[in-house]
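First chain written, first letter: the chains are A, B, C and D, and each begins at residue 1.
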């Protein structure tokens, strides 16, 4: 499975919508176990993406991911900026090869996050959404329940990366904010794929 | 939430603009960024390794208030409690490099580490020599391979002062990075909060404490600490923090430097009372304090609270801490 | 009430003790008092008219934080919000008189005026020449023969800076008093509060404001102001205060100096945002600002709020405001 | 009428007791229209008086008033220190003349306050207690109701001296704190005189 330019753009636009609609929700999650700004950060990224697309419509999928990456890197800051930025930058490079499958592309994004964040699964970060979803896509059973389960799995984890790790045991019992924003990303993807099937 | 602000999104650019307008003899803004760079005459006259720091806003006077001859060459301000982006850091590096390389002083948060790292990669692509030191003085957090590691808090101001003085005196980039790392290794901080900070975009305090409670071990971004207890007299608070910190030093001989730091909403009166108790107890423990300082240096918005930093320091570091410097906030 | 203190009765001596211990190169305590006097080498080397100020505590860094070469010779700290007693003021006068007389800078409160007056009588009995200037810059209070007159607030810091610089340059007592009076006549301040201060001995805030209310025209001792209103954007606050203050100046040509002063519980971030709006509006009104400063200079314990001071100043005053000075708090 | 040393000492000691017992009451009155410290200030004075008497017992009435004045001047600060201090210092000097009547002595105290404070009656200050009481004593009808009435009269006044004057019209409706402490002084005097009659 691969995304055409209009599908990929729809995907990112849906993501942008969800980020804007859930800004305070993300801030609240981050207030509980972080510093309260994840919603504000992602909202800034969302607006920058919209601006970038409006300024210059992406000509192909690689361009689109690159514009997304640059918006994130230049406007988000914090931890999430370089993480989403690196994921989409790596995806932008990989998608230039004609034959890459969507599942492999998501895996490349997840790997970018791991590299930039020096992190892996089970650390209560957005990787705990990206990796299970890459896995599910490879198995061809990707849907909203996979996203939901991945997100929910972060609730009982003890954080070992990111700000929440300072709380040690007390980080348990809360959803990871970056996993919630990643869940919006992949819910948006399900919506786009669903329309097609 | 009651704050003297305009639109929440404009807080950082407006703050930097106010800071630059009221201190134009000291600093200027780098165009299209919220980074500031030295604007004094000596800056262009005396070549030295550039020293750049930065991080999320809300900790003023850190870092922009420490830009000046003998301290930072430039400072990059991110959004409130949010690391600045790589492109802004890259601009700051470019603005200060005089061919001798640039030292980046980063507080140990994943966001800061990653964004400064990306900026470093960008600058290195331009053949600028870059070294990075990561400040992690907050001993209330355990340092283990399974966590993010300790946080960078008030000790950052002392690191910037010593490294800045050394850079002014002509030290090269490698030695500067070594010096900085050694200072960091000898700097330990713990903070307490009486009242959490209110992040403007959130609109309410990051956590709630009862009318008679304080929290030990908080970070400078409303990160929760290691315990909530009934408030005690300043003397007992000083004792608790000194005990925790001094345990970290094997060798208690030689000189020490002390910083009593207000978190933004705590008046100087309380800081001096606390300082009095700290210095009395250190003296009765036979600790030789060669330098001490009190004030709001590394704040957390309107948080009410205080932090104590103790550094094992040699004579050279003490004299670097005492060197006169012209900045807004030191 | 949560404060980092020990016994309420010991607040002032402990605070002064902490201040002196952490700044022993700058100031020393006068025995058996809570007054501090310059301790730098130049103090005994260069003879000048002594400049002594003081007042109730709770306004730190005012006054002790302004003791140093080029500003105050000594400062006397009373109990919280309470004028110091005549005997302490008398000791401070004695500690600084070098035969050229002593200028007393008093804020216009009945207690301060009376206690400094009694101290003046005591010192004159020792044949020490004394002159007094009374600062009354707070224009939110009407000046009439039927009231105590206007209060002395944040403008006091600017008066101490200009007069201190002139004293250092060798000006005699009479001229110094004339200069001081002229500075006072040209200095106007208004303050606003978001949250009242808590006097430690009282234990609760001096007045209550709702979550969206601010009070215009408050004093630095929780004195109520002229109106309570819904909080507005910093830009509108700046406009309101500028308008009120500039009405007081008939002649808007020439240079002006501006002080944006935090009340103790308001972070620098908000002060800079407010400063940005103030300077923008003054510029668009064609006002020539030759000097501006931002910070917690004249506070009111943990009060959240800000004050704006505008002074019509000539080039000489501007340069005196800019003169480098070594004090704890300027 | 004149006070013997033991009576005068009893007077001041009762005053000291009342000040200590009503410290927060005085602070509260001063919080409403002043800066909240009048109780703390007077309590410091009260303790200093006790200490002074303990250190060196006054040998005569003039001595006793002088010790009271010095305790007030050296330990109270604020407005009330110099005011009470000046009143008692002037009384200490005046009482050296054998023949002075108590009523005239109180008038001398009141005059001292007026001089030091550049103030007079109807300004909502302690003078509004001192002067009516001096007047009543001269008429020989001094009792607690006179004290009470004098104190109460300050309630509806608009302050024109002291910190309360900043409030202008809004100072109405509150008792003047300095008048309340002066009321304690004169209630104590009634108690001493009552014991004798």
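Note that a residue touches a chain if its C-beta (ideal position, glycine included) is under 8 Å from a C-beta of that chain, and two chains touch if they have at least 3 such contacts.
Nothing here was measured: the structure is a model prediction, and the numbers come from that model.
J.: For everything except chain C, show me which chains still form connected clusters by touching.
T.: Chain C out, touching clusters read A, B | D.
J.: So the centre of each chain is just the mean of its C-alpha atoms; given that, what is the distance between chain B and chain C in Å?
T.: Here chain B and chain C have centroids separated by 29 Å.
J.: Between chain A and chain B, tell me the centre distance in angstrom, where each centre is the average of that chain's C-alpha atoms.
T.: Centre-to-centre distance between chain A and chain B: 31 Å.
J.: How many Å are there between the centre of chain A and the centre of chain C, using C-alpha atoms for each centre?
T.: Taking the average C-alpha coordinate of chain A and of chain C, the gap between them is 53 Å.
J.: Every touching chain pair, please?
T.: Between chains, contact exists in these pairs: A-B, B-C, C-D.
J.: Which positions of chain B touch chain A when the two form their complex?
T.: Interface residues on the chain B side: 56, 78-87, 109-111, 114-115, 117-118, 141-142, 146-148, 151, 199, 201-202, 206, 219, 221-224.
J.: Contact residues on chain A for chain B in the complex?
T.: It comes out as residues 27-28, 31, 34-37, 39-41, 44, 73-83, 85, 116-117, 160-163, 165-168, 170.
J.: Enumerate the contact residues on chain B facing chain C in the complex.
T.: On the chain B side, the touching residues are 2-7, 11, 14-19, 21-22, 57-58, 60-61, 65, 194-195, 211-212, 214, 231, 233-235, 237, 260, 264-277, 279, 292-294, 296, 299, 301-302, 304, 306, 324, 326, 329.
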